[in-house]
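Across the two complexes that follow, chain A remains constant while its partner is chain B and subsequently chain C.
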Partner chain A sequence: MPVVKAVTCPVCGSLCDDIELTIENGRIVKVKNGCAMCEAKFLGYCCEHRVLKPMIRKDGELVKTSLKEAIRRAAEILAEANYPVLYGWSNTSCEATSVGIELAEEVGGVIDNTSVVCHGPSILSIQDVGIPSCTLGQIRHRADLIVYWGSNPWSAHPRHIERYTSFSEGRFEKSAWRGYVTKIKALVGRKKIQSAIKRLVLKKPSQISTHLEPTFVSPIMRKGRKLIVIDVRRTKTAEMADFFVQVEPNKDYELLQAFRALIRDQELAVDKVAGVPVEYLEDVADAMVSCDFGALFFGLGLTMSGAKLRNIDAALSLVRDLNMRTKFIIMPMRGHFNVTGANTVSTWQTGYPYAVDFSLGYPRYNPGETSVVDVLLRKESDAALIVASDPVSNFPHKAAEHLAENPLIVIDPHMNVTAQMADVLIPSAFVGIEAAGTAYRMDHVPIPLKKVVNPPRGILPDEEILRRILAEIRKIKKKQEAA
Partner chain B sequence: MGEKPKLRVTLLTGRTIEQGVGKEHGKSSKEYVESVSVCYMDPEDMKKLGVKDKTNIQVSTAFGSVVVKAQKSLRAPHPSVIFIPYGPWANVIVDPETHGIGMPSFKGIPATVEPAPEKPVLGLKELLELQFRKG
Partner chain C sequence: MMVNLYPLKELKLPIVAECINPDIFQGKKPAEIEKLEVWEGNKQKKLGELFKAEIAETEDASENTVVVIHGDISRVKRIGAGMKNGEIIIKGDAGMHLGEEMKGGKIAVYGNVLGWAGSMMKGGTIEIHGNAGDYLGAPYRGSTEGMKGGKIIVHGNVGREAGAHMHKGIVKIYGCAGQFAGFRMHGGTIYVQKDCEARTGACMVEGTIVVSGRIESVMPSFTIEGVKKKVKIEEGEVVETPFYLFLGDLTENGRGKLYVAKDKNPHLSHYEKYL
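On to the complex of A and B.
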């Protein structure tokens, strides 16, 4: 059976490129090196929820049609619309996004990608403050302090810690995996002792702690790679940490500013900040200042809550301050595998990373006005094209409601929630499995995606479908001009 | 019979590995639906409300109300904080306000929780029909 090596996984922004796939009779039968999401995607991409025929809504029901007819209908909807939204793009290739932007310009619509409900606030902040960053390779080899803030890579980027941070074996920094295993064994031992004491001697529970409380974790000043997690919940990632700071919901901004004061050796006149005793914060601030190379990864815990973009302002400023004392970098944990690519391509072609409005004939960018959720909440759009995304499932109900009312074109391999609302549904090939392309990793490194199997008969990649729709729209417009 | 107990909480929504795997199986798959129509609660809060693991609760915010299954959080203690994975159920009750920057509030939303043993958790199809009258 042929084994394809060095396949890039098209799931999350980590873009692990060491996946090995075993192919049998044109199907993937075994996945090596992948995480649970990677396996689910490579083994389940051809499941019963796959759409295999283009569909059009007739009398309220989706009915099968030809590809030509579906493309013609999609082109008609977009050509007739005054203010269509073109949304998605982070689960497809840069090449498809590029055609999408051309299409948006042609129809005078708003093109937005999923970063608007993800790291959009981070981008706004980076434009204001700037970002000291680097590639993941540098972090893997050199970083001796890792901070995850409002991010749970154990669930969202399962191999991030193993490939790029604490548990990766770097050239100059060793993996902290062994230390973690020892810690877990010690924990299990403690638990056993505790239950034995409970059963044999005492009737009431003993006072020995089984949680990874700051008092129990290995000393923050120990040598080697250290992991700090700051989050509102004790996530799995938090359990791996040398130090976990549990911040109260919506209080990240206060905590970030407190850290900024502490690393400037200022005294805080309070006992607690965001529910955390100041003495713990002092320990964490000490660890940050005394590292050789620190990396702060932040997730949607910062962008989606409380001060939103101002949280990121504070985080970027904290890292800027830390760079006066040591070397520190900061990086957003990008979710979808090519959301970074969608931002990059959009910036090349329009000057702006997301929420680009072509309604005046030239690109305008004003998130809050030209961002898709706001356009939908104001009920301004009169058609929508959704590519490789599921906004009906992921947008707040009020925004999704207007989207479902619009004539809706969906290009997606799966029958997702948005596809069920579609007026025109065009199935596409999975980029990174059935179609090649380029994607950008969260550190802005472009990585090629492989085509490892053939798509089902008659199924085209997103890029080709979009090209055909664009050509059809130009035909319609020419006819209109001639008339 | 007194009034039903109600608990004021802060709602967080986010990614779980089960949701991540479920979405790759397909949005109509059983794995996906089961992974996102739940609400992780602190066991102490569940005691206060008198709800048991895997029983139905109604979560309400200023923006809507939805019935989901309560599940004991393995990530406790997080008193007065509840967690619902991203998905169609969470989106009924998240805050659409973007504060002028395009980003709705998906985390840190004031909410109330009450037991709802007599109300069913809607399936994906019913939920969509109720909300969008399409699909």
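On to the complex of A and C.
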């Protein structure tokens, strides 16, 4: 059986590129090196939810049609629209996004990607403050302090810690894996002893602690690679950390500003910040200042809670302040495998990373005004094209309601909730499995995606479908001009 | 001269109409006004396709043009952008970027206004008798050039980040304010008569914020300076009640003043031990 090596995984923003796939009779039968999410995608992409024929809505029902007819109908909807929205783009290739932007310009629409509901606030603050960053390779080899804030890579980016941070074997920094295993064994032993003492001596059942106090797992100032986790709950990643700070929900901004003040050697006129005693914060601040190379990774726990974009503003400012004392970088934990690519391509072609409005004939950008969720909530759009995304499942109810009221074109391999609402549904090939392309890793490194198997008969990649729609729209417009 | 504008239909698509400006209407006949260009969605149209214009000569001998808009125009953006003289009266709700970068004149709204009202304004007055959206007087995304003059009065509530990046001028809010009022402020005054959400004055460097109602919390990066018996908002307006005075934001080496009414905020009494 043929084995394809060095395949890039098209699931999360880590873009692990060491996957080995075994192919049998044109199907993937075995996945090596991947995490559970990676295996699920490579082995389950051809499931019963797969759409194999284009469909259009007739008398309220989705009925099968030819690809030519579906593309013609999609082009008609977009060409007639006064304010269409084009959304998705984070689960497809950069090449498809590039054609999508051309299409948005042609139809005078608003093009937006899934950043708007994940790291959009990060981008706004990066534009305000700037971002000191580097590649994941540099972090793997050099970082001696890793901070995960509002993110749980153990569940969301399962191989991030193993490939790029604490458990990776770097050239100048050793893996903390052995230390972690020893620590877990010691913790399990201690828990058993405590439980036995309670049962035998105190005769009370053991209780699970739910207190909000930060917990020392091991001395923060020890030598070697250290991991700090700051989150509202004790996640699996937090269990692995050398130091865990449990912040009160929606109080991250206060905590970040407190760290900034402490790093500037200023005294705080309070005893606790966000439920955490200031003395603990001083220890963490000391660890941050005394490291040689620190890396702060943040997730949606920071971007979508409380102060939203201003959380990131404070985090970026904190890293800027830390760079006056040591070397520190910051990086968002991007979710979809090519959301970074969608931002990058959009920036190349329009000057803006997301929420770009072409209605006046030139790109305009003002999230809150030109972002798709806000456009839908104000019920301004009159048509929609969704590519490789399922906004009806994720958007606020009222936004999803208006989206479903619009003439809706969906390009997706699966029959998801949005596809079920579609007026035109065009099935596409899976990028990174059935179609090649380019994706950007969370550190803005472009990585090629491989085509490892052929798509089902008649199924085209997103890029090709979009090119055909664009060509059809241009034909319609030419006819209109001639008339 | 008074120009009355009446919407001809229910406006559903976003409309960009920076031509609705007393300086542009000055001396024009209704037919000329109706020929001005606007954008409705992705189509360029004439103002006359969306509004009916009527001119009523006023007895007022002054040369100021008064534009009165009757009806809900919450989809119409950039009304009065960059205006220097005259007056706009909106009898209904107004859209985003109302009076953006205005330099003079007056805008009165008898309804609610969406985001970025008075964005980057340099002079003149905006009075909103309803509620205002987010980013009142704040600059557009990525810019740090906030209000540099003028006055905004809101009789209702306002959203997030009112007066962000403000350098000069005054914002008076007689209702409640959302979080981050006066974010990265460099000067000017913000007065909130009722309650204020958290993070007021975050990262401020200079300027004054006065909160007469309850404030959710004061940032840990502010220090208490003392208790004041009264605070002057502007010429002829003084609030006489005890106020805690906080200075900040320490993280930006700021010396901004945050006054918070003592009586309405007993949860801040623990700061008194530092006095």
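In this text, the second predicted complex is superposed on the first by the 467 of 483 C-alpha atoms of A that agree within 3 Å, B and C clash if a C-alpha of one lies under 4 Å from a C-alpha of the other, contacts with A are read in each partner's own complex, and residues count from 1 in each chain.
The rule is simple: a contact is a pair of C-beta atoms (placed from the backbone, for glycine too) under 8 Å apart; a residue touches a chain by one contact, two chains touch by 3 or more.
Just so it is clear, the structure is predicted and the values come from calculations on it, not from any experiment.
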item	value
Superposed partners chain B and chain C on chain A - clash or fit	fit
Which of chain B and chain C A:368 touches, first, second, both or neither	both
Which of chain B and chain C A:52 touches, first, second, both or neither	neither
First (chain B), second (chain C), both or neither touched by A:447	neither
Which of chain B and chain C A:4 touches, first, second, both or neither	neither
Contacts of A:476 with chain B and chain C, given as first, second, both or neither	neither
Which superposed partner A:155 touches (first chain B, second chain C, both, neither)	first
First (chain B), second (chain C), both or neither touched by A:23	neither
Which superposed partner A:399 touches (first chain B, second chain C, both, neither)	first
Chain touching more of chain A, residue-wise (chain B, chain C)	B
Chain A as apex of chain B and chain C, Cα-centre angle in degrees (nearest 10)	80
Contacts of A:129 with chain B and chain C, given as first, second, both or neither	neither
Lowest inter-chain C-alpha distance for chain C and chain B in the superposed arrangement, angstrom	6
Touching both chain B and chain C, residues of chain A	124, 367-368
For the chain B and chain A complex, residues of the former touching the latter	10, 12, 14-17, 20-22, 24-29, 63-64, 73, 75-78, 81, 83, 86-88, 91-96, 98-108, 124, 128, 131-132, 134-135
Chain C - residues contacting chain A, complex	12-14, 16, 39-43, 75, 77, 96, 115-116, 134-135, 140-142, 144, 179-180, 183, 198-199, 202-203, 217, 219-224, 249-251, 271, 274
Complex contact set, residues of chain A against chain B	11, 36-37, 40-41, 44-45, 47-50, 60, 116-117, 120-121, 124, 152, 154-156, 158, 232-236, 246, 249-250, 300-301, 303-306, 308-309, 335, 355, 367-368, 371-374, 377, 390, 392-401, 404, 414-417, 420-421
Footprint of chain C on chain A - complex, ascending	81-83, 107-109, 124, 127-128, 253-254, 257-258, 260-261, 264, 266, 268-270, 273, 307, 310, 313, 317, 321, 358-361, 365-369, 375, 378-380, 382
